[in-house]
Every structure is written in structure tokens, then in C-alpha cells.
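Presented below are the structures under discussion, each in the form of C-alpha cells.
In the two complexes below, subunit A is the common chain; its partner is subunit B in one and subunit C in the other.
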Partner chain A sequence: MDVTGILNQAFVGLSRTVILFIVSSGLSLILGVLRIPNIAHGSLYMIGAFMAFTISRLFGGGEMGFWMALIGAPLVVALISLFAERSVFQHLYEREHLMLLLLTFAFSLIFGDLVKIIWGGDYKSVPVPQVFQGFVPLIGGLPFPTYNVFLLVCGPVIAILLWLLVNKTKIGKISQAAAVDREMVGAVGINVSWVFAIVFVIGCLLAGLGGALVAPTVSVTLGMDHTLIMEAFLIVIMGGLGNIWGALLGALIFGLTQSLGILVWPQFGIIFPYAAVIIVLLFRPAGLLKATW
Partner chain B sequence: MVTGFFSGKGKIWWIVALVVLCIVPLVLPRFYVYMLSIILLFGLLATSNDFPLGFGGLYQLHHAVFYGVGAYATAIVITKSGLSPWLAFLIGPIISAVLGLIMGLICVRLSKLYFGMLQISLGSLVWAVVFRWYSFTGGDDGIHGITVPDIISSYQGAYYFTLIITGLSLFIMYRILKSPYGSVLQGIRDNPVRSAMIGVNVKKHQLLALIIAGFFAGLAGVLFVVVDNTVFPDMLFWTLSMETTIMCLLGGWLTFLGPMLGAAVIILVRTFVSTYTVYWGLALGIIAGLVIFFMPNGVLGWFQDVFKRKANLAEVKE
Partner chain C sequence: MMRRIIVLVAFMVFVFGFAVWSSTGHAAGTIKVGIIDTYTGPATAYTQDTLDGFKLAVEKINAKGGVLGKKLEYTTRDEKFKPDIGLAMAKELVMKEKVDVLAGTINSGTALAVSEFAKKEKIPFFVFYSKSEKIIGEKGHKYVFNMNENTMMAGRAAGAALGKMPYTKYWIAGDDYEYGHSIANNVWENIQKFNKKAILLGQTWWKVGEADFTPYITQILAAKPEFIIVATGGSGMVNFQKAAKATGLAQKIPFYQHTATELGTLMPQGKDAPEGVWGTSHYFFYYPDTPANKAFVDEFRKAYNRYPKASALTGYMTAQFIAEGYKKAGKVNTEAFIKALEGMSLPSPVGPLAIRACDHQLELPTYWGITKKDPKYDFLISGDTQVVDPKDFMPSCQEVLRPRKQ
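Here is the complex of A and B:
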């Protein structure tokens, strides 16, 4: 195990971190403001990936297809989530977390089977666009896929956009206030119900975006939601519920322990991130950063 | 709310139900007897899940881990050591209980959703180990063809064994909930702060609930080994835990027999839906969604509410 090998794995871990961050920041946003532990978030990620496949194929699979998929797939997911929020979730905000958890699990079962009905059980693959094909040499000369470089650029961009959205826009400020005291925000004449809907849709849009971004790097398949939603939940818990920077920190820890753990102990590399979560929660039971709860 | 299911007028119905359950395998074909066994052992699993969830107020969200570990421990002891299977049937639940203790010690410091999430994390760790440790657990293939003692190897023998163990376990859990310990546990569920104030060691009581739940879940795992002779890593996956929790919720998570009822409904629907379509998840999702939306206290809880309302009305009229 040499330094370049470790560096290479670290970069692989960082690309994974970007995906994990995008998905879990959406989850964290919803948890922080609406207090819904949304298990269906993973299914929306999966739908995002499958939609990316369909849209990319619709536009001939090339460059155009990729960019259209990157825009279109999250929008479709946002529409689905808007429908789900307006029809079901908006009536249930006052319910216990356990109920919401199980209800969103029910949604994930329904979404899972709908995906199976629409796209079938086969593996799907989305082509990497021409611009991002090939490799760039890393320090030490190891080849690193260009698409992953694109991912590494996407991560910070989305983090900054999210920061601007939460801290610099009106809707962000209102949602922060609504997270603390819903009634009070309603009392000053703001339509809290729609604020919640918008936050929910933005969170789900991020899940769809994560799915669309991950699609060219993995084989899109049923069951990709099950592993990811657990990881996203653990990241959110580890970082502090509702804290977007916590989600970033958690995703970093999760992604890096996963990729570097494989170097340390190939057979059981999978257990390192889980162990990291346990260690973090042992010492900081409420997560690394301040939770909004 | 543990109502007097085992007493008074209800007694006669219990005897009738027991007699029916004893005669059933002599007349029904093999498929239905197998299904009944599965219902019973999932009922035991769901009841043991509800023990900390409904009566202890702990978010026991990854209960399947104890079930799977109990089953795996039994299977490994039977296939890899020369010990008697009967001994293995005891080792499995004990290992589950020990795991319940270890995970409980780590989780019990947290509350509600954090508790559940940490438990899911720890459980996923156990699942990952089982999934990857090919030489010991068989990895994603699991372990097949586990030999059980001759007397319970036939489908009827397995059924009677399951019936006896499930019945005994339910009775023991019921007695525990009726004991002073059970009352304190429910007191903690209703108001942990006040319980602590009057001198109850909250964490210790919760920990004991987790150990008991782990033990009986392990026992359900043993029963699965007896009925199906296989173990596989999906038995520890978190989706199964969610399904078990849905069983509790569907039947009524604040009643003692609710989880058993929920398990029966879900297994029955799954069996019959699966003969027509592969989209079982869709059906379960819709059922669970409707129950949560319209009957948050589950079927039995709903009936209790209705009867209570009627009784109240009668009182008012008098």
C-alpha cells in the first residue's frame, strides 16, 4: 500500500462523498424543517437515476442526453414529491416520528414496485458524456476518471447554492423560523403549509439530482435505494439533524472511511463507515454539529 | 394497555383457539401448515418487537438483527460443531440476548429517533459482517439444509414445536408485562422524567426490556431454522425490521395481541398476493399507508377505542 494508492482511493471516496452529500443534505433539510424522517428519499434517488436513463435515451444518449437528464430527472422527482406532499404528507406533520417513518417506508415500497413496473428488473446504464470520458492523471500519475472530477466540482457548487438558499433568501429564513416555531410563523401571516411544501420539494429535488449524477458511474438497478437511504440517514444523524454542514461533514467521514477502509481490510471494508458512525455517536450522541431539533 | 386477554370470559375462546390450532395440521395440507408456522413465528417476532416499542416506548427499529443473529447462531452451532441441536436452540436466543445487551448499552443513552437510528447503524454493522464473512456465515448464500432433530423435522413436528414455543413465549412476555417490572416499564414509556423522579432506574429497566426482546426475537429465529432449515442475510436486513414494525402497527402496537394479528394479516396477504403478482411491495405499501393514515392505533386498538366509546356512551345514558 503506497501513498499514490491511498491518494487514489481518497479521491474515489471524495467522489462518493459528493453523491452522499447531495442526497443527505436534502434529507437533512426535510428532517430539520418538516421533521419527517423520509425513508422514501432513497426511492426518489433511485427514480432520479432511472429517469436519467430514460431522458438520456430519449435524447439519443449523447452529450445532449446527459445534460437534459441532469436537468429533467430532478424536476420529475420534484413533481412526484410535490404531489406526495400535497396529497399525503401535509396532513401528517403533527404525527409521531415513528408513524412518519413507517409511512415513508410504505411510500418507498410503493415507489420501488412502481419502478419495477415501469423500468423492469434489468440493469440499466447511462453513458458518460463525451466531455467527461477518459481519465486525467492524478499526483503520482494514476488515472482518475474525468467524470469524477466533474462530480468533485459539483459538490462544492451545490453546497454553496444550498448555503445561499438557506441563509440569503427569504424562503430560507422563513423555513429556518418555521423549523423552530411553526405556529408563530403562521401567526405573522405566512402560509407555512406552502413553505413546508417548497422545502420538501427542494429536498427531494436534491435526491433526484444525486440519482441523476450517480447514474453514469454505476449500474442503475432496483435496490440501489435500500443501501443509500441507510447511508444517508446515518450521515444525517452523525452530522446533526437538520444541519447541512453536518451532512457535508458526515458524508466526508462516510465516503472516506468507506474507500480507505477497503485498503485496510478488503473483505470487511464495508463495516468501517458504520463503525465510524457508532464511534461518533458514542462521544457526541446528538451528532457532530448543532442539530436544529 | 394490557387488557385481560387471558382471564374471565375470554378463557373459553382461548381454549377453543388452542384446540383448533392443535387439530389444524392433521387436516390441512402441507402448504397451509407451513404458512401457519410462519405466521406463528413472525407473530412471536412482532410481539417481541412490540415489547420495547409499544410497552417500553423505545424506538426498536432494527429488531430483525436479533432474529437473524439468533437464527445464524443456531445454524452455525448445528452445522459447525458437534453439539446437540437442542442445545443450539438455546444458544441462539442467548446470543441474541447478549447482542441485545451490548447494543442496548450503546443505544439506551439516546432517545426516540436517535435511539432508533443508532440501533439501525449497529444492526447494519452486524448485517455487513454476516454478509461478508463467507467462511463463517456463508455470505450472501446463507446456510442451507440445516438438520434438526427427527422429532421436529417433519412439517407437522415443526408446526407443533413452533406452536408450543410461541405459546409459551407469549405467555411469559404477557406475565412479564403484568408483573411489577412491566408496570414500571409502561410507566417509563408514559413519562420517563417522572419515573426517574420517583426513583426508578430508567436506563436499567429499558436495558432489560431490550435484552428480553432480543431473547425472544432469537427464539423466533430458531423457529425459522426449524421450519425452513435455512438462514440467509436478508433476515438481518433493515427492511425486514420495518416490516415487523408495520405488523405491530397494523395489529395495534399498544395492545398485547396486536402484533400477532398484524403478522397473521401480513403473512396471509403476502402469500395470496404473491400467487397472483410479483408486486407484493406495492400491496404492503398501500395497506401500511392506509392503516397509518386512518387507524394509527392499529386494528385491535381501533376496536378497543370503539368499545370504550360505546361503554362511555352507555354510562352517559345511565
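Here is the complex of A and C:
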């Protein structure tokens, strides 16, 4: 395969990376600060996609519908997560991880059934907005969907926003400190409980945003949570538990090995990202970047 | 103290009352069908219609006095797309619920597991919507009935239609599981039979549930095939079509997917679905345009306020075959029931349908068509629809039964 082919495939892989990064950075944030391995994160991503469908419908399904969905769906997910955090999770931070794992697993089942009750079993589809319909030719004339160009813009924007949030805001600094020593932060008079709630909601908002962004490219369906949560966890583990930049690195590796792997060996393209995970963990069992755990 | 006792007694009366009431619900004067299917996850898009079609027919049968003076009853179980759960449920339905007949499942793994159990327990088992050719082939037996088309029938029908077209350079792509490989193999084998010049440029396989097909599509485009056989199932159908439209694949290279033209694939996409995709199906609510089909569609829409998908026909016909089978047998006896069903033909929305005596396969038609916009609907439909000659895709009895003996 020539160079243009490789470049094309890399571009395509990058747009997949964006979705993976957005979702797994949220997962990693929650894991790092709150120490919750949130299995229900995938369900929130699914709810984000279904909400995007509903909101886009509400506004006539066109351009307006898409933008409203992109803003509205993550907010709805954030509200749901705020409710879950205040009512259940905040009482359980001190429990063992296994307990939390089971609890979030239960939540993922409940959310899954709720989605079925509310939206039914049929596949849903969110139309790609007019501006992003069609494709642009890449090097060598191979088509690249315009919507993916939009995704490629979204990725860095969100990465920068996250960086600003973590490093330049008070809440970011407090949560960094709380991740290291929760009691100490409480001792200096900061309401840790609310800091945790905010971090949890931001993390879940990212899941919802991922769902809203992916919705126009796929069929919105029950079960889309399962595939994603597995990949997101692998990415977070590969990158280093709780490290947002690890999530970015993991998502890059995952997305690129997949798209480039297809070039090398189309029949078995699916094994490359998983092989990458194994190789990374063989040489760096704690992940590529420093884990907060 | 007295109050406590009263409360306790009241509670016990309530609980036992419930138990007695609910057990009388399954009185001796009924024929019971135990349905095991996937009611969680993406498969629900199809299983709900199977169940609703079944329900519709059962209500009609019971309104006309039931079967042999008995009411036809059914109970459902959700196997969550897991064969081990499905098998446990089949056991529970037979041992505890004492069902006379088992039916169900969109999952081939579950269908095969339950089928094995049905064979041992000598309980008739009607397969609703899983498409493995092993169900009546290699793993077939006297007690299993396939009420749906299988991958061999669908794949061969498409292969026959494609083999008569001028394309020679093919590419195969699909979901990396039995269904995908089986569809693709059957299509490709039949293409070669009809078109000696056909060659395969390459293959691409992705994991089941893959959501982003763009990287695969750019790679296929680079290879410049003339036609692509796309063997996706479930939500992959819509996902692939969306990606094919976004990347411009749909405008550049024609491709085929089994069920591409079905309502379940096209309706969710509305007017945005790609035009010009070839597909096969055994049922459309608008084709054939006959009074019988119209009557069924009207009935279904009246009951559920939506159009029936292909899977609705399966449920609808299964209930009727069960009822007519017992009627013809004249008694609730499994052996007589099976004998009665072999070769039985019933009128259906798509014309008379028969259960083939040798292998218990329902002889469904196959419709070949291409996705097209239609002013009557706000989604695409199957255009230029043709009936594929059963000679071109129905395997002979001998061919189906051969692997059973090994």
C-alpha cells in the first residue's frame, strides 16, 4: 500500500479516535478523582445518542435539530448523572471497588432497560446536518466524510478545554488534590462532596457528548453501550488509570492501529487494537502514562 | 397481638390467593407455547415484531374458538442473546410451565442449543428468526421447524440474481461471525455457478457490532472492486448504509446486503438512506400488492399502529401452523402433530406457504430488489422487486439431509 493510502487510513482512524477520546477521558476523569470504575459510563453514552435523536426530531431533524441535540443531549445526561451521584454514589465513595463495580453494573442494566422502555427496540437514526453531508476528497482522491472533518476539529477543542479545566481552574486543582488525598482537602475546609459531584457530572457529560457526536454516523440502537464501554476501559487501562492524557494516547493507539491494521491485513483488521493493548500492558503493566491510582 | 395476626393472615391470603389465581390461568384446557427470544439489546428491533405477529394470530385463533376446543396460550422469556440462558429457559418452560411447543429466538446459538434439548425431550420447536443453515441441516431433526429463510436460501438467491449481472470483480466484507460468513459464502458460491468470469479481489471482516465502517470502506474503495457483497446483520445493516452514504461508496460501487431493502433497515434512516443498494427479503408490507397482504398489514397496523417488518410474518404464520397442525392431528399429541405439519400448506399474506416434509423448512419466497425513494412513504423501499425462482436457491432435500447423517 502506498503512502497516500496510509495517510487516508490515518485520517479516518483519527476521527474514530475523537469519539473514543471524548468518552474515555470522561471515564478516566471519574476513575482518577472519584475512584469509581463506572460501567454505566457506556449507558450514558447510549442515552446521549438516544437523546440526540429525540432532540433532533423535536427541532425538525435539520441543521437546527443537530446543533440543539449536540448541546441538549449532553446536558440531559449531565442531569441524570447529577441525580445518580447525589442520590446514590455520594454515599458509597468509601466502599470497595468491587462493590462500586457491581453498583455501576446494576446502573448500566437499569439504564439499558429504561432506554428500551422509553425509546423502544427500533433502530434510530440521526440525520447528518446539511453542512456536513457528502465528503471531501483526500490525497489521491479517496473520499473522506465531511462530518468526520467536523469530528477532527471537535477532538482538539475538547482536549484543550479539558486541559484548561484541570490545570487552570480552581475546581480542577482541587480535584487533582482530592484525587491524591481526599481527607486533607476536606480538612482545609473545602466541600469535597460537591467537588466530587461536579467532577462526576463533567465526566458523564463527556459520555453524553460522545453519544451525541457519534449519533449521525451510526444507527442508534440498544446495546451500543456494551461495545463502547469495553473499548473505553481498554483505552483507560492502556493509557494509565485516571490519566486524561493517557486516555488521549490510548484512544490514538486504539483508533490508529485499527484503521492502519485494516490496510495490513483486511481480514483480521479487528485484532490489531487488541494486540496493541496486550503489547502495551506487557511492557508497561501500569499503563503508558502515570496512573493516579 | 391480634392485629398482627390479622395482618399476617390477610397477607397470607393475598399471597396464596395470587398463587392459586395465577396457576388456574394455565388450566388443562389450553395448548401452551413457550417463546424464548431476545428482548434486550439491538435484536429487539426484530423480535418485537415476531412476537406481535404471533400475538395477532393467537388472538384471532382464540376468538374463533381456539384449537380442538382449547385455548392457545403462550408465555415469553428473554434470553438476552445468550445461548446458555436460552437453554435454561427452555428447560424451565418444559419442566415447570409444561409447555406443549417451544418457539423462538433470533439467536442462532440459542436456536441450536434449544433445538438439541427439544430433540431429547421430544418437544416441537419452531425457530422464528435465526438464520443458521445448520438448524435444519447438520443439526436438524424431527422436532425442529424453521419458519424463516436461512443463510443458504438468502445467499443463494442473491448469488443467482448477481450471477446474471455483468459484474466480474467482487469484494466480500462482513460481520465476523457465522451469519456473516455463511451469507457471504453462499452468495459467492452461487455467483460463480452463474458467472464463470467472476473473481474475488479480496475480503474484509470486522467484529460484530462495529459502529464505524469508514476505515474499512476507504480501504475497499482503494481496491476498486466492481461489486461488494456486504454480509452484515442487525444494527450493522444501518451502520454500513450510513457509512456508505457518507463516504460516497453508495454512489461509486454497487453493493448487496441481505435484508438491505427491509423495513427494519430502511425505516430508521428515513429519506437519508442510500439509493441503489441491492437486497433480498422474504417479506415487504407493500409487496406483493395483493388483498391478502393488504388485509394482514391493515390488521397489524390497527393493532400496533406501525407497519409489519419481515419478522412479523414469521410470528404470524408460526401461530397459525401450530393451530392448524393440532387441528389436523385431531388431538394434542406430538407425533401426530408433527406428521400433520409435514407438507402442510396454509394461505399467507405472501401466498400459500408450505412446510417442506423432508426438512421442515417453511418454503418462503425470496424477493430481490434495490433501495429506492417512493413518494408514498417517508423512507426508502425495495424497488424493481422481483421474485427469485425457488429453483435457484432452495437446496434439495438430499442436500439438506446429507450432513445430518455424518
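One rule holds in what follows: the second predicted complex is superposed on the first by the 291 of 293 C-alpha atoms of A that agree within 3 Å, B and C clash if a C-alpha of one lies under 4 Å from a C-alpha of the other, contacts with A are read in each partner's own complex, and residues count from 1 in each chain.
Note that in this section a contact is a pair of C-beta atoms (placed from the backbone, for glycine too) under 8 Å apart; a residue touches a chain by one contact, two chains touch by 3 or more.
In this text the structure is predicted, and so the values were computed from the model without any measurement.
Using the contact criterion defined above for the overlaid structures, shared-chain residue A:Ile237 touches subunit B, although it does not reach subunit C. By the touch criterion defined above, A:Ala286 lies against subunit B but remains apart from subunit C after alignment on the C-alpha atoms of chain A. In the superposition on chain A, A:Phe268 makes contact with both subunit B and subunit C. Applying the stated contact rule after C-alpha superposition, one finds that A:Lys116 touches each of subunit B and subunit C. Look at A:Leu103: by the touch rule set out above, it reaches subunit B but stays clear of subunit C. Of the two partner chains placed by superposition, subunit B and subunit C are both touched by A:His226.
Of the two partner chains placed by the overlay, only subunit C lies in contact with A:Gly13; subunit B stays clear of it.
In the superposition on chain A, A:Leu82 makes contact with neither subunit B nor subunit C. Legend: residue contacts after superposition of the two complexes on their common chain; A:Lys124 is shown touching subunit C, with no touch to subunit B.
Overlap of the subunit B and subunit C contact sets on subunit A: residues 112-113, 116, 226, 267-268, 270.
If you check the complex, the residues on subunit C that touch subunit A are 39-45, 47-48, 176, 202-207, 209-212, 214-216, 218-219, 221-222, 235, 237-239, 242-243, 246-249, 252, 264, 267-270, 272. Listed in rising order, the residues of subunit A touching subunit B in the complex are 37, 39, 88, 91-92, 95, 97-99, 101-103, 105-110, 112-114, 116-117, 226, 230, 233-234, 237, 241, 267-268, 270-271, 274-275, 277-278, 281-282, 285-286. Here subunit B touches subunit A in the complex through residues 53, 59, 61, 106, 109-110, 112-114, 116-118, 120-122, 124-125, 128-129, 131-133, 237-239, 242, 245-246, 249, 278-282, 284-286, 288-289, 292-293, 296, going by the rule given at the top.
Note for the complex: subunit A touches subunit C at residues 1, 5, 8-9, 12-13, 15-16, 19, 61, 112-113, 116, 120-125, 127-128, 133-135, 142-148, 214, 217-219, 221-224, 226-228, 258-259, 262-263, 266-270.
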